[in-house]
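Listed next: structures, encoded as structure tokens.
What follows is chain A paired twice: with chain B in the first complex and chain C in the second.
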Partner chain A sequence: MRKVLFYVPLVAFLALTLFLLSGLFSDPRERESASLNKALPDFALADLMQPKKIWTPEKLKGETYLLNVWGTWCPTCNAELGYLAELRKQGVKIVGLYYELPRDPTFDAPFNLAVLQQDVQQKLTQQGDPYQFNMLDIKRSLSLDLGVSGAPETFIIDANGIVRAHHIGDINPVVWRSKLAPLYQQWRTP
Partner chain B sequence: MIVEAGQLALTFVFALSLLLAVVPLLGSFTANQRLLLLAKPLAFGQFAFALVAMAALVYAFCNNDFTVINVAQNSSSTLPWYYQVTASFGSHEGSMLLWVLMLAFWTALVAQFSKALPLLLQGRILGILGLISAGFVAFSLFMSNPFLRSLPFFPVEGRDLNPLLQDFGMIMHPPMLYMGYVGFAVAFAFAIAALMSGRFDSVWARWVRPWALAAWLFLTLGIMLGSWWAYNELGWGGWWFWDPVENASFMPWLVGTALIHSLAVTEKRGTFKSWTVLLALAAFALSLVGAFLVRSGVLVSVHSFATDPGRGLYLLVFLLLVVGGSLLLYGRRMNSVRSQARYQLFSREMLLWGNNIFLLTACLIVFLGTLFPLFHKELGLGSISIGEPFFNQMFYYLSIPFALLLGLGPWVRWKQQQVMPLMRPLSLVAIAALAIALGVLSSMQSVQANLALLGMLLGAWVGISALAEVVLRLRQFGSIGKGITKLNASHYGMTLAHIGFAVLVIGVAMTKTYTTERDVRMLEGDTATVAGYEFTLTDVYDLNGANYGGQAAELDVRQNGQFVTHLHAEKRFYRIQRTVMTESAVHARLSRDLYVSLAEELPGGAWALRIQVKPFVRWIWLGGLLMALGALLALADKRYRRKTTTTDATVAGVADA
Partner chain C sequence: MRLLSLFALFCWVLFSSVNAYSQEVLQFDNEQQRQLYQQLTAELRCPQCQNQNIADSHAVVSVDMRGKTYQLIREGKSRQQILDYMINRYGDFVHYIPPVNRYTLWLWLLPLLVLLALLVTGIVRRSRQTIGSDAAVQPTSEAELDQLIARYRSKKP
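Coming up: the complex of A and B.
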């Protein structure tokens, strides 16, 4: 028994090497969104501006659209608002998923919808408003289910409510033309 | 021409390392004294040529020789000269050469300071170091040559050094870190040599201790500098990110810390032998695993060098040979080694055993947290990531019992300790700690049952206990005055390092609890108040640096109307790399940092700024510095330089073989 014990480190190390070896030949950066080519996870989120209105996946079906995760606190999101607004003028339907930051109960003011609405209104007036409407993901549950790792991120959702593409980072003319526009076209005409 | 000389020098390093790997080891098995004696000159030669190679590379960087691919990709003619020097080890290729140089340096140091060792052991240690060195030099020479030219087509200007690396902390961070990583190779070589001969006694432990301490010293400094760099350079005031590569440096540190404690037991009591040897192997093994993780692209991290599976594969095979081979040897040899020493449940041995258990648990947590995403993915379970909350929570739970034991440890005697005699001094220490923690907190903030209070209590407990223990020991010499010169340097070192840990704990707890952070929108002339400090934006103007442009903001800080300081924050745009960097303005005091970073320009000429007041954040690095100083003091201990047994042991060593 005692003899075997001294080989434990070797065995553990060899097991580790196996993992490292297989890790070597797979790309760590390839991070497929787990939700890709699946229906949107189930949700019921309030409209940011008309909180009485509740959005569910059912209500969103019927048309291909971009689901854009953003927040006024996120500089890159604010920067892309202008270009997204242009896309809206070109007829692209964009739905905003407002990502509310977690709050520290000690330091941050409690959540206040009126203040947030005002913030958002102001930002959208300043930078341009790309959104048909915004859903408020106050608990970040939908963002979490979708595998959002930061903002901005954009999903292409087809008419049947299936997630077809996931883009991390901002949308600018180059990204749109080279990556997202072809996908959008592809899934708009099924 | 100079570059070719560098290439040639590196080739010589390779040849010498091969000789160093073969000749003395051969000598050790054939009892050939002349072969064993060759180890030393070979080690010196290896170091000399490694130095020439590195110098040639630095020369190429400083002379903007863009025909060298490495220079073209990591430097530019507009880069200030001191960053041109550091750019020479900013890339994968250059840092590998630095690694080789450091290893050659350690090997030469061992050759120089091992006169007291038996010739046989000396030859084996140097031979093993040569073997490791040969692996790395071959890697540098064949897989990632820093001297490759791109002739005949070469760029007229380089791509510049990554702006993140253009910082003073970055000048010092990699060399220190590598000194630490590579330094554990020495302890590793000692362990292997001991496994080969089957001799692990107190003498062996005493030989290893200073080397392990020195490596640990550098690793501590390296990690501390890295944290300080991240704080200054990444622009949001964080100081530890649980990034895979940070973790890769933290794991050998944790094991190294366990090692220097376990070595104490082996030296003083001749026990914990198999444990100590395993730790010595593990510390270097984890350094190698770290090098693999950074350079293979298996994990995604801000630190990662460009991905190349060929290099990864080489390192993995190397890892397998070195670590696998040594663990195999460990398994074969170690089961015959027995420790005879006996000790009671309440003894210093047991407490140090506890120390090791906690440190290794910490290491295991970091290991699993870092590699779990990889395991998960390779088992086909999909991608996941493990973030700060996991590590923070785990370390929170671990550090409480660890700190409690740490306060107790130095008081307890070897073999056995009666409980009663310790009750009085320790309860006094506990009361003093309570009083100080509450006093400090109530004078600065309100006293609440939170992390800060816990950190203060633990920190005060460890710190005061360490101080009181020294006073007690000094008294045992008769009077404190007499004792001061009599107490071992290593005892002072231990105390200082323990105080460093206390300082670190306090710093972390206070910063985590009481950091105030606000993102504000400011026009020139606007004032924002954060944690009682009034920040007034006085000016924003365009910057024009050597290789960057951008904007700078000037702020005045007042507290209760009193002028505190002037702050200068920059948002740099590096022209060649086309990246934006935040140069935060930091006003540092022992009790708090004011930290301002310039975010982006808003419509209407306003600017977004992030203002933070971070109490005690300095203490985190101060703690690290104290630990390193403690190690330095311990290294100065006289007993590591005794030369009495030299001649007998040399003769005996050769006769053994």
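Coming up: the complex of A and C.
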């Protein structure tokens, strides 16, 4: 009994050290997504480039694709455009969800679609265009329903419109190979 | 006089700029709704920032969640309905009061278990000690002790 008790502080110390050490290398932004394995929430969003075209969950069914939340105002999103464009060349279908920022009536110019379209066009020409098309989430309503906390975020949506993966942060070759590619392959072939 | 007008101008510039920064005042149907709004925005956690509630945060997602909370309150939704709405979208992470489930149960159970373990160890040690001291005294008779003392004394010069 004595001998066992003698080692208790040492074991407790080691356990605490391991616990804190694992905290050092964990990502504080990583959290469980609440939208996994649920159907896409209901929405009707206009196409960014052809505003007369309205996208609904029904129209997006039929093929597994990546839903990439982005904006030209977001540097990390711009940085990942090039790699995403490469993925598109490899046959990955990517749909953009344009995350428009709220405007302060005192400081910002009112929303202007033509200016935004031009801005987006310029960015995509510069960095590469990974998108089949973009949906404009002007009030960020679909983003809120999907549990988006910022940009960039990426979802994998399967052919039946079910959310299968939710990635917070950018997509780079490492993230794609280790995390998203296996999931994409898994849900592409039902 | 000139100084006074300068001061007036200064005040005007100061307060007009304060006006420009101040946010719009939210209108509620009653005091209850206003309190619910303040309570909820203090309890809901910004999913983008580390450890800030949405009342305290300027992140876009916090602004949107505040707006949604306000809208739902005006629609007459209850506190639980609004919490469920947010937890449905952002997970348990978004509420500062964690639910009791099989993962979080340890938060309440562990301190109790540690306390219990300490109590049991304390009781066991105490009872061992009294038994141990009895055992040490009993077999040594008075005579043996006298002998030992005598031997010890005889060694001394």
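The working rule: the second predicted complex is superposed on the first by the 160 of 190 C-alpha atoms of A that agree within 3 Å, B and C clash if a C-alpha of one lies under 4 Å from a C-alpha of the other, contacts with A are read in each partner's own complex, and residues count from 1 in each chain.
Methods note: a contact is a pair of C-beta atoms (placed from the backbone, for glycine too) under 8 Å apart; a residue touches a chain by one contact, two chains touch by 3 or more.
Since the model is a prediction, treat every value here as computed from it, not as a measurement.
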item: Partner chain(s) touched by A:150 [first = chain B, second = chain C, both, neither]; value: second
item: Touching partner for A:114 - first (chain B), second (chain C), both, neither; value: neither
item: First, second, both or neither for A:102, with chain B first and chain C second; value: second
item: Broader residue contact with chain A after superposition on the shared chain, chain B or chain C; value: B
item: First (chain B), second (chain C), both or neither touched by A:10; value: first
item: Chain B versus chain C as contact partner of A:140, first or second or both or neither; value: second
item: Contact residues of chain A, present in both the chain B and the chain C interface; value: 5, 28, 31-32, 34, 149
item: Touching residues on chain A, where the partner in the complex is chain B; value: 2-3, 5-7, 9-10, 13-14, 16-17, 19-26, 28-29, 31-32, 34, 73, 75, 107, 126, 149
item: Complex contacts: residues of chain A adjacent to chain C; value: 1, 5, 28, 31-35, 101-102, 106, 140, 143-150
item: Interface residues, chain C side, partner chain A - complex; value: 20-21, 47-48, 50, 59-61, 63-65, 68, 87-91, 93, 121, 124, 128
item: Chain A-touching residues of chain B, taken from the complex the two chains share; value: 274, 278, 281-282, 285, 289, 292, 296-300, 309, 312-313, 316, 319-320, 323-324, 327-328, 330-331, 334-335, 371, 374-375, 377-378, 382-383, 385, 516-517, 519, 599-600, 603, 608
